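Every chain is named by a letter (A, B, C and D) in the order it is written, and numbering of its residues begins at 1.
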Amino acid sequence: MISALICTPLIAAAVVWFMKPGLHRARVLPVAGVIHLALVLAALARSAHLQPGAWFRLDPLGGWMLLVVSTIFTLCALYAPAYLALRMERNFGVFGVAMLGFLGMASLVAVSRHPGVLWVGMEATALSTTPLLYYNKNKRSLEATWKYLLICSVGMALALLGTFFVAYAAQQGGLGEPIYLDRLVANAAAMPTPWLKAGFVLLLVGYGTKMGLAPMHTWKPDAYGETPGIVGTILAGGVTTMAFLSLLRFYSIMAAAGLGPFCRELLVGMGLLSMTWAFVFMIRQGDLRRLLAYSSVEHMGILAFGVGIGGKATLFALFHVAANALVKSVLFLGSGNIVRSFSSKNLADVSGAMRRLPVSGWCFLLGFLAIVGSPPFAPFTSIFGIASTALGSGRLLAGSLFLALLAAIFTAMGSVILPVLQGNPNPASVRTHYEDTFGLTAPLVLALALALVLGTWLPGPLQTLLSRAALLVEGQP
Amino acid sequence: MIRTLARPALLLLAQMVLTLVLAPLLPGIVNKVKALFAGRVGPPVFQLYYDLARLLRKGAVFSRTTTGVFLAGPAASVAVPFTAALLVPMGGATAPVSFAGDAVVLAYLFGVARFFVVLAALDTGSAFEGMGAAREVTFAVLAEPALFMGLATLARLSGGPSLAPMLTAAGQGWRAAGGPLALVLTAWVIVFLVENCRIPFDDPNTHLELTMIHEAMVLDHSGPPLAAVLYGASLKLWVLGALVVKLCLPHRGTWWIDWPAFLGGMTLLACGVGVVESIMARLRMRRVSQALIAAVVSGTFGFLLLLLA
Amino acid sequence: MTPNLLLAAIMLINFMLVASSRVSKCIQLAALQGGLLALVLLLMHDHWPFHVLLMAFSTAAIKGVVIPAMLNRAQDRMKPQREPEPYVGYTLTLVMAAAGTGLAFILARRLPLQAGNLGTLFVPASIMALFTGFLLLTTRKRALLQVVGYLVLENGVYLFSLLLVKQMPLLVETGVLLDLVVGIFVMGIVINHIQTAFDSQDTHRLAHLKD
Amino acid sequence: MVLQSLYFSALLLATLSGVPGLAGSARGGRVASWMLTGSALCALGLAGSVLYGGLAWQAELRWALPGAHFLFRGDPIGTFILVPATLVPAILSFYAEGYWSDGAHADTAPGLRLFFGVSVGCMILLTAAANAVLFLFGWEIMAILAFLMVTTSDQDAAVREAGWIYLVASHTGALMLFAGFALLALGTGTGFDLGPMRPGFASTSAGTAAFLLLLGGFLLKAGVGPLHVWLPGAHAAAPSHVSALLSGLMLKMGILGILRIIAWTPDPPLWWAGLLTGLGAASGIMSMAFALGQKDLKRLLAYSSIENVSVIALGLGLALAGKSLGLPALVLLGGAGALFHLLNHALLKPLLFMGAGSVMHATGTRDLERLGGLARAMPRTAFLFLAGAFGICALPPLNGFAGEWLIYLGAFRAIQPQGWVWAVVTLASLAVIGALTVACFTRAYGIVFLGEPRRELGGPAHESPRSMTGTMAVLAGICLFIGLFPAALGRALQAAAGDLGPGLPPLGGLAGLGALTLVAVIGIPVGLAAWQAIRKSPSSRSITWDCGYAAPTARIQYTASSFSRMLTDAFRWLLLPIERVPRIQGLFPRETRFQSQAPDTLLDRGMNPAASFVASVLSWLRFLQAGHLPIYLLYVVLTLVALFAWTLQ
């Protein structure tokens, strides 16, 4: 079962690689995505029967994250054939292999029970997405790729060092190979705190770079700005999710070692800093994708803040992973359609998108309202939950700062987005032949509908899964 | 049963008959005093009655610009003081209609009159009448708080927002709270003069339309509507005068002292107005608002003084 | 015998790296550092089982030979051109490296070592290499030098991992080797692209994407 | 069970009212109107049972969402507001059939109808929602729909800007409510289920913060100054029946929130009352000053809405003072006055906005300087607008007066010894506001409907269709009925105000609403008789006399600017009006014109420049991300160093 999770995408990647060039290569993606999603669901349903202590296991935390990533991937995969059909000049092989490779590696990260394997999985995820960044094959995308590669590699090196620090602490605590995560958590109390603290700082900076917490997020706007919306979705909804998961794995060790308060302060600080930074750079942002990139930075900040507040907020932060990923996919895919139809990313040229592209435009508007935390969409639940837990637990300053930043970000973001959507389309820029088609809009509507469902109804099994995952994060079995 | 109903009925009858019959006398007295001061014989005291009778016989001329609102002005300027007269205690201990909050109703009734008179003025499309209307609504903004600060003072003195107990308490309270009451009286006299367009704030007899306030608004009325306006103005003078007079007059409780005292007071007030009109010049328009601000300040200080007492 | 002597040598190489202005020299120094790392690994073990030998060999081969050769090739392929001035001068960088060394020692004092490694310079050396790597990455304009910086940074991580190599060889081997090989390999490809696209490796020119 | 089904039928009928029209049928508008009418009938039935029958109801359902809970509680306050919240939209919907017909607005009408219905559903939800999450759902969805409705004509840049400012304001308010409800949960001890706080909580720092945040959020929605900045623009930009909905009802949802705060707090500190009274007084006077400076009819009406919610705030301030001082009579008079005024404004302001819509429908403009003399072309609209203007001035015998009268009574009671002497502020400000309102609405009616047209309009004005004037007449009729028989609402007011505090005395003993009927019964016949008498007298027609000037033209009329010049001059320090004063030179001066316009000082001179300034300053920080990779890597190092330094300290 577990190996199927990892292998299915890799086999599909191989299939794509050996297929003849043509659009049918792209059609493998949705098939693989749906199968993978089904496998994840089946594995989650059976997860109670799996044995602890193995190298690979799908626990509630990893399962939840993988479910999110698999869903996002499937949405992108459904979008891919219609999108790639618009770009027949490109070779789909690399694209498909990289996408599927990412999914396989993400599955590896989610199921690995060993910090080393976890790290290897993350590194592989990073590398598999590099070709996607260079998809447009121009100077700008090359620059973005270079920055992504270097900043993230440095970050991954730091994360590796952090992992070694933790392992050294485990060694001092009397643990030898194999240092499964479960064993680390169980024996955390005996490890020396200086090493753990230093390790967590390194891991926070390292995986934080990958997540895109400010000020290590600098690769994000460039990378998101120069890639197609579909790649942006995978980066914003997939790679960051896995980085967050990796960070949480170590956070739970820290929490079990009694370092929870220390880590939480760091997380709250980083979270608020990310939101502030994102706010500053969203003001008068002239590029739609870069705006979304900063929104992604903001939401990574919200995740860090939520875990940093602790208690119920941890659960909401985990929920926010899904909420953010779903809505971000609406926004990224929608922005792809809008940018394509106006054939410009420069917002000065784009207006009246809701008239030009009714479906994409409306989805984008609703997505914008959703991402800033308006009910009835999923982000409302998590943002309200995090804010209320912060204030309710007496962290008045942090909580009010959080809400004030959200208000400021809303203002900055909306003043850029609404002029794009409203008004009359600029007659000079309506020359493209692009039109909304079913294949290009159905994934958006589907993602929005999912965000709506999650925002109004959280099924019992999901709630159980989330609360068990939150317990795991807090270092409790 | 009959005895309990008889007293209010008698009061109602006496008060309304006296008001409706005697009100046009007040301008007559004012003008007579002014004439005497100027060394003239002047028009007879009953001049307004003659004027009303003459106007009622004449036909009216309406501008083609006007609509139905044009006649609502004169109608309201009669109906409002008529209704208000029911609420104000005159010779009796109480008014024919008296209830908690009647003071507010009284103030707002005059607002009704102002509303329709101003609209009637605007209805003609005349520049002068528009100007008068603008001034009317502007000065009301200061007159209202002055009136209400006085009411607040009296309400605290009497314990409730009903005119009859308020004014009775005021009449009785000059010994205990002379300072506040004097300030309220100042405020109300100013309001009384402004609202009735008397010198030094407005000149009902001027011939220069540019300086007018109230008269400018009724320039286009003629015949019976003008009669209604003039009669309404005298009723208003009477009702507001009654407020001022009752503020100063202690209530004895015996009708044959109270009623003559009240009527005497009204006469005295009219004479006083005449004297003021004779010895003072009309203020410049800018001064009017300053005088009204003085009235507001005076009313406010009255209230504050009462708080400290 | 403690490995402190070798560690001190590695730290010295760091200073030389920071001070040197020529790319080829930097590559040589980095290769030398890689070789020394393999020696440290061997020194840490009393007897050398196969997997230790294999790891030492592969370290020396990859860090000391393969990657430097690759970088040299990239350097040779480049048209001769003036070395762009670094963002921060060489003297100042050297001072910063010295300050970083001091900090590394302070930091190391806070992190107690296990009984077996007491008194060794692993932690300060590792942190210092990390810092040197960062210095190269942040002050140099040439893409190739930045890769060297990354290499030195990796050496720092590797140095620390040697503390774990006895008990947790698996963790170390998977981590270090994969990271290095794959990372540098991909960077090499991208540098090639940059060379073709921009006709230069001056990363100062790679600043079109900004806010 | 009957009450629950009535409530949910009202909710469903309203929410779904726009759905049948989506199919493109020509009868969609009519179906929506009847569905909303059905909803209103359900609400009336509910109001009869709850307010007059003394029944209460509650409905509860599990909700699979953390912290959330479908909890509905039919308390008298909510039910009282429910009545206008369903009745007025039903009337507006009939109006909209003529005003924003499917024929003339084929692209926007079905969507607008859908949003309209759902937002009414949200309001119905809010009146009974007893769980914070449920409340916020209704609150935010309503706000978003309002934004969508305001920006119906989004081709116009002014409309877009107005909608945007509205959205920012309402989202900020919602975030304040997030925080406020979170802190409130500390005081109620029932999680996110709303209910009374424990005694003493209100005085703690958490209680203070909760109060301020909730008050801020609610006042922002209600539009009490200085939190009104979004309001004038949004009301002016929206289609008129939407403006009517916004102003008449959505603002009232903010008031509902404040009423609920009062009801939940057993022991409010006295400064709460002072704060609310101060805000109400300042905002009431300020808004009227701005209204007098407006040239746009709908902006003028919008400022008048601010004035009216300010008056309501004054009443609520009295109720709060009564509650903290233990004076139940004050709670009753202030609370009942506020509720009554709320109802009255909910009826009158839609009437006025419908009138304004009718004027725009006929002339295509809402610029006062261009209008004039419409009363002859559209007599029905003119008469109904007159009724609305008269009522909004709070003059007897229309309904506007009765509510203010109760507040006055409360204020007079408060200034007695052992009362709350600051109520004198309430008293004085009400008096000033009253006079200013008369000035404002005589100006509005006089300039638009009386005199002669001031500029050439596109064509001759025409009366609006019966569907528009008829619906206005229905509203005016309701207003007149309430004005004549305010005592009919006595029990409802008593019941609703009864939620605000324990042990309230009977309203009849404190305020004889019947007396108002008596005064009306005397005054109206006298007035009508006088009117009839002078109308019957022989008359002839001529031109306006105008002091002998033989050829009066429309140009010499007083204009909107000149009418209010003295007052706007007095408030010059606040309005900072933009004036074009004519320069007259030479013997034969060229044609010139005096013009004056008052932008919203706080928004256009305060917030917008401040926001641009902050944005410029923060844009300067962009050098932080200038594209250089080494700098980016430096950030990573610096973060690392900083975190290590912090860790090891």
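Here, contacts are C-beta pairs under 8 Å (C-beta built on N, C-alpha and C of every residue); 3 or more make two chains touch, one makes a residue touch a chain.
Every value quoted in this text rests on a predicted model; they were computed, and no experiment measured them.
Visitor: Looking at CA centres, what chain is most distant from subunit B?
Guide: C
Visitor: What pair of chains is linked by the largest number of C-beta pairs in contact?
Guide: The chain pair sharing the largest number of C-beta contacts is B-D.
Visitor: Please report how many Å separate the Cα centroid of subunit B from that of subunit C, as a whole number.
Guide: Centre-to-centre distance between subunit B and subunit C: 99 Å.
Visitor: Rounded to the nearest whole Å, what is the centre-to-centre distance of subunit B and subunit D, using the mean of the C-alpha atoms as each centre?
Guide: The mean C-alpha positions of subunit B and subunit D differ by 35 Å.
Visitor: What is the distance in Å between the mean C-alpha positions of subunit A and subunit B?
Guide: So the centroids are 77 Å from each other.
Visitor: Rounded to the nearest whole Å, what is the centre-to-centre distance of subunit A and subunit D, using the mean of the C-alpha atoms as each centre?
Guide: Their C-alpha centroids are separated by 43 Å.
Visitor: Any chance you could list the residues of subunit A touching two or more other chains?
Guide: 146-147, 150, 154, 198, 221-222, 281
Visitor: Which residue numbers or ranges of subunit C touch two or more of the other chains?
Guide: Within subunit C, the residues that touch at least two other chains are 107, 110, 134, 137, 146, 203, 206-209, 211.
Visitor: Name the residues of subunit D that each touch 2 or more other chains.
Guide: 622, 625, 627, 629, 633, 636, 644
Visitor: What's the complete list of touching chain pairs for this entry?
Guide: A-C, A-D, B-D, C-D
Visitor: Would you mind writing out the residues of subunit C in touch with subunit D in their complex?
Guide: 87, 103, 107, 110, 131, 134, 137-141, 146, 203-204, 206-211
Visitor: Which residues of subunit A touch subunit D in the complex?
Guide: Interface residues on the subunit A side: 146-147, 150-151, 154-155, 158, 197-198, 201-202, 204-205, 209, 215-216, 218-219, 221-222, 262, 266, 279-281, 283-284, 312, 315-316, 369, 372-376, 380-381, 383-385, 387-392, 396, 399-400, 403, 406-407, 410-412, 414-415, 418-419, 422-424, 456-460, 463.
Visitor: Which stretch or stretches of subunit B touch subunit D in the complex?
Guide: Contact set of subunit B toward subunit D: 56, 59-69, 71-72, 74-76, 78-80, 82-83, 86-87, 97, 99-105, 107-109, 111-112, 114-115, 118-119, 122-131, 133-135, 137-138, 140-145, 147-149, 151-152, 155-156, 159-161, 209, 219-220, 223-225, 228, 289, 300, 303, 307.
Visitor: Residues of subunit D touching subunit B in their complex?
Guide: Within the complex, subunit D contacts subunit B at residues 372-373, 375-376, 379, 382-383, 386, 390, 393-396, 401, 405, 408-409, 412-413, 415-417, 421, 424, 427-428, 430-432, 434-436, 438-439, 441-443, 445-447, 449-452, 510-512, 515-516, 518-519, 522-524, 526-528, 530-531, 533-535, 537-547, 552, 554, 556-558, 562-567, 570.
Visitor: Inside the complex, what are the residues of subunit A that reach subunit C?
Guide: Counting only subunit A, the residues touching subunit C are 114-117, 119-120, 123, 127, 130, 134, 139-140, 142-147, 149-150, 153-154, 156-157, 160-161, 163-165, 167-168, 171-172, 176-179, 192, 194-195, 198, 221-222, 225-226, 281, 285, 290.
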